[in-house]
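Per-chain residue numbering starts at 1, and chain names A, B and C are given in the order in which the chains are listed.
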Amino acid sequence: MSNHVNESKTISLFIPCLVDQILPEIGFAMADVLRKLHYDVTYDARQTCCGQPAFNAGHRTEAMSVAKQFLATFSNADCIVSPSGSCSAMVRNYYPVLFAGDEKMMAQVHSVQERTFEFSEFISAENKVERIVGHADVSLSIHNSCHSMRELGIDEQIADILARIEGVKLFVPQVEHTCCGFGGLFSYKMPDIASAMAKSRLEAFTGADLDVLIVNDPGCIQHLRAEAPSAGFKGEILHLVEFLQKAMD
Amino acid sequence: MNTYAKFMREAKSMAGNEIHRAKIKKAITSYEIQVDGMKKQQFQDWNAAREVAAGIKNEVLANLPEMLQEFEEKLTSRGATVLWAENAEQARHYIEEIISRHNARKVVKSKSMTTEEIELNEYLESRGIENWESDLGELIVQLADEKPYHIVTPAMHKSKQEIARLFVEKLGIEYTENAEELTMAARAHLRRAFVTADIGITGANFIIAEEGAIVMTENEGNGRLGMACPKVHIAIAGIEKMLPRLADLSLFLPLLTTSGTGQQLTGYNSIVRGPKSAAEPDGPEEMIVILLDNGRSNIYAQDHFREVLRCIRCGACLNACPVFRSVGGHTYATTYQGPVGSIITPQLRGMAAWQHLAHACSLCGACTEVCPVGIDLHPLLLETRWQADKEHAASKKWQFAIKMWSKIIPSRKVIDTFRPLMKIFLPLAKPFLSANQKKRIPTMAKKSFAQMWENNESTR
Amino acid sequence: MNPRDSILKKLSSINSLQKTPAARTQDRQIYQDYPEETKDELIARFKKQFLALAGEFFPVSSYEKAGAHIFELLKSVDSTKHLVELNPLCQKIFSACPELEAKFENIENKTLAATDFADYATGLTGADFLVARTGSIVLRTNSAGGRRLSVLPPLHIVVATVAQLVPSLDAALQNRGFREGDWSYGTIITGPSRTSDIEKILVLGAHGPKRLALILLDE
């Protein structure tokens, strides 16, 4: 990690397909927050998806054609930042698996890989956490996505960022982290298991009477919002950047 | 009903079973507290322990044929017999031959997943051989006419009330919910079987090349009794159970036990080097070790999957798995449940019938995080899905959907053309879906991010 | 082809394997670090572990005291029949307490079927090693009078000396003497028999001895 703050960095938004089609507000919130932190932000509409849905379902041939499109779009980007730990992990950890053995593609993978970040990780690595100022009188807790936590090793970063917002009361659940049950196509193929997992996960938060549950992956958000009513979770489920966007106003 | 349909039906019923969920949550919470405490108490660097263990197991895999021969040579030099079984049928055949040679009527068995794998219980029963499961957990599932729920804790799903009712019915005891009284009832029930059995059958947690020994780890002493009383001892071990040297146990025993039950060491870790020797007062006159392949060599032949043979069957990945916790062990309908079972079962028993297990996973990675021998479990589940796709064993419906998707998704233009159609189509699909499917059909945004961005930026 | 050759042939047909030996535990800092421990520290560590496992621990400084403890232990059980593997240490204890010798039958002088053990309350054996870090007792058939004596009777009494104490399991297994000798069976005993198969509730005395007692002699 360098302490050198490069104000001139331009950020290419990496907008996951789910955000593009279903939750665009998350994309705008991230762009807003990054601009508030004085970054230049660009967006290239040729990007559509990183290929993860096909890859995770085992259809690597199809994933490959989508991933190639992704690599081409971002070949000249300065910094690639996404509001999804899962999609960032796809590029960083699984493109090398997808393109293993293809030397030409691997060169592209390595170059894009190095410049790809999840939002909270990026802000922390850039030492910009201190620059976050805001206010919100809420009680909240964090659901760090599995891929953000286990594939990218994001841990304290989210809490550190939230600690910058005055008025936040952070609730830390007793139980260890478990998956919310999203898992991409998994939750469509095995909906009953996915629902039971969401229920188990939300149980950790229901007793605490939270205003907000902060989540850092759009997939988890969509899934948890669908499951919250039947699991009896009453708080709002927001992406970290959505929360910051409001709190930093 | 095919294996997939059966899995889906069971999964649905278990996922909605709140009583089951509460029981498993209780058991696994107490397990997790024990394991965390023991890891800290014992290990300064758990990750280093895992790395060394993985390295030793890789050494085993690299030298497996040589080590198996060394094991055979050393063990037979002390008078034991080593038999090699390519599949379950051969293994059962060997056992049948031993039983009839000794004219045996009564067998006492200690907990062994390998015997489950070759369906030994069913086989012995069909031959009219008295077959006593002697591990308490195994006894409970045997009396309940069930299969083990979990590779390490076979009766994890049973409450003490259920066990009490079972013992009242099958062992004729007075109703009691006291775990100690129930255990003593099992002790009394089995004691006579131990001292009168003709043959003791055990598994092996490890087999040692350098020493020509098998190693059995247990808490109850039933394994020890099964190897001390009957005149014949048969041990069945998968060929991957190998360790190079005896001293490697000083890492693998604590590793297995800490991950398996959160103990430092189990009550008894027995090292068996042969039948009774001339100078010894007791012990089996005959010892036979059956080395079981049963598909393992097929896994071994695949560079991508070989590492799963490092597995020491500690059960940690089952406990960590949120899918296992939701659907329970029986839903898998396999000998080995949970993440590791979902990887090896398609390899051992056929991709087409079992690949759905690899899809019953959200790829959360909790299994990979806990595995004491560092197996990349969730990447191997992904690898299994890819293999199913390559072998055209994957679901046709999804295969087609993804094909279509991959035609549309790389092009912004095509997406924008299809968007309005999707917005109409998605709500129309709802009446055909179950409640749990319906609620996660998303509402498409009015416009895509790309469309909105273009509008915004042009007015900025 | 017979099954053996066919399995070995399949396994041997893979060439992509690296046959280099792996690192061992000694090469890495894995376990909690214990500085070189004095004899007393080792005893203390063993005691702590052994007691935590519900073992009954009797440190003694003379054969007479050892005998007295064994005597007390015998009083605590129902039956009056007891078996011993008469190793040199037991012999010395018996010579110091002649009335004790009469209580025991020497397993070497008997031919017992497995069913005959039902009458005996106690098995008295020696040990090969005591492992301080885990509170374990390591036995082999030659020190334990075979396989049955240490597992069938409900009370297992072990006599050992401080010289048999080693810091870790590794030290016991790496000991040159351990692998030698004509023994067919050895076991690392860590506490009395137990189970947690019913709702994870710990119960002692599942199938093996319900009680495990150690007389540790420091001469």
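The criterion applied here is as follows: a contact is a pair of C-beta atoms (placed from the backbone, for glycine too) under 8 Å apart; a residue touches a chain by one contact, two chains touch by 3 or more.
Being a predicted model, the structure only gives us computed values, none of them experimental.
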| item | value |
| --- | --- |
| Inter-chain pair with the most contacting C-beta pairs | B-C |
| Farthest-lying chain, centroid of Cα atoms versus that of chain A | C |
| Interchain centroid distance [CA atoms averaged], chain B/chain C, Å | 30 |
| Whole-Å gap separating chain A and chain C, where each centre is the average of the chain's CA atoms | 54 |
| Touch list for chain A against partner chain B, complex | 15, 17, 19-25, 27-28, 43, 45-46, 48-49, 53-63, 65-66, 68-69, 94, 97, 146-147, 150-151, 175-176, 178-179, 181-197, 200-201, 222-223, 226-227, 230 |
| Contact footprint of chain A on chain B as seen in their complex | 8, 11-12, 15-16, 21, 25, 29, 32, 322-323, 325-327, 358-366, 368-369, 379, 382, 384-389, 394-395, 398-399, 402-403, 405-406, 409-412, 415, 419, 422, 434, 436-437, 439-440, 442-445, 447-450, 452-454, 456-457 |
| Parts of chain B lying in touch with chain C, wherever the complex brings them together | 26-27, 30-31, 41-45, 48-49, 51-52, 55-56, 58-59, 61-65, 68-69, 78, 84-86, 90, 134-137, 140, 153-155, 158-160, 163, 179-180, 182-184, 186-187, 190-191, 194-196, 211, 219-222, 224-225, 227-230, 239, 244, 246-251, 253-254, 261, 264-283, 287, 291, 293, 297, 300-301, 303 |
| Residue ranges of chain C in contact with chain B within the complex | 2-4, 6-8, 10-14, 16-25, 27-33, 49, 107-108, 112-115, 117-118, 134, 136, 141-142, 145-148, 151-152, 168-170, 173-174, 178-179, 182-201, 203, 205-209 |
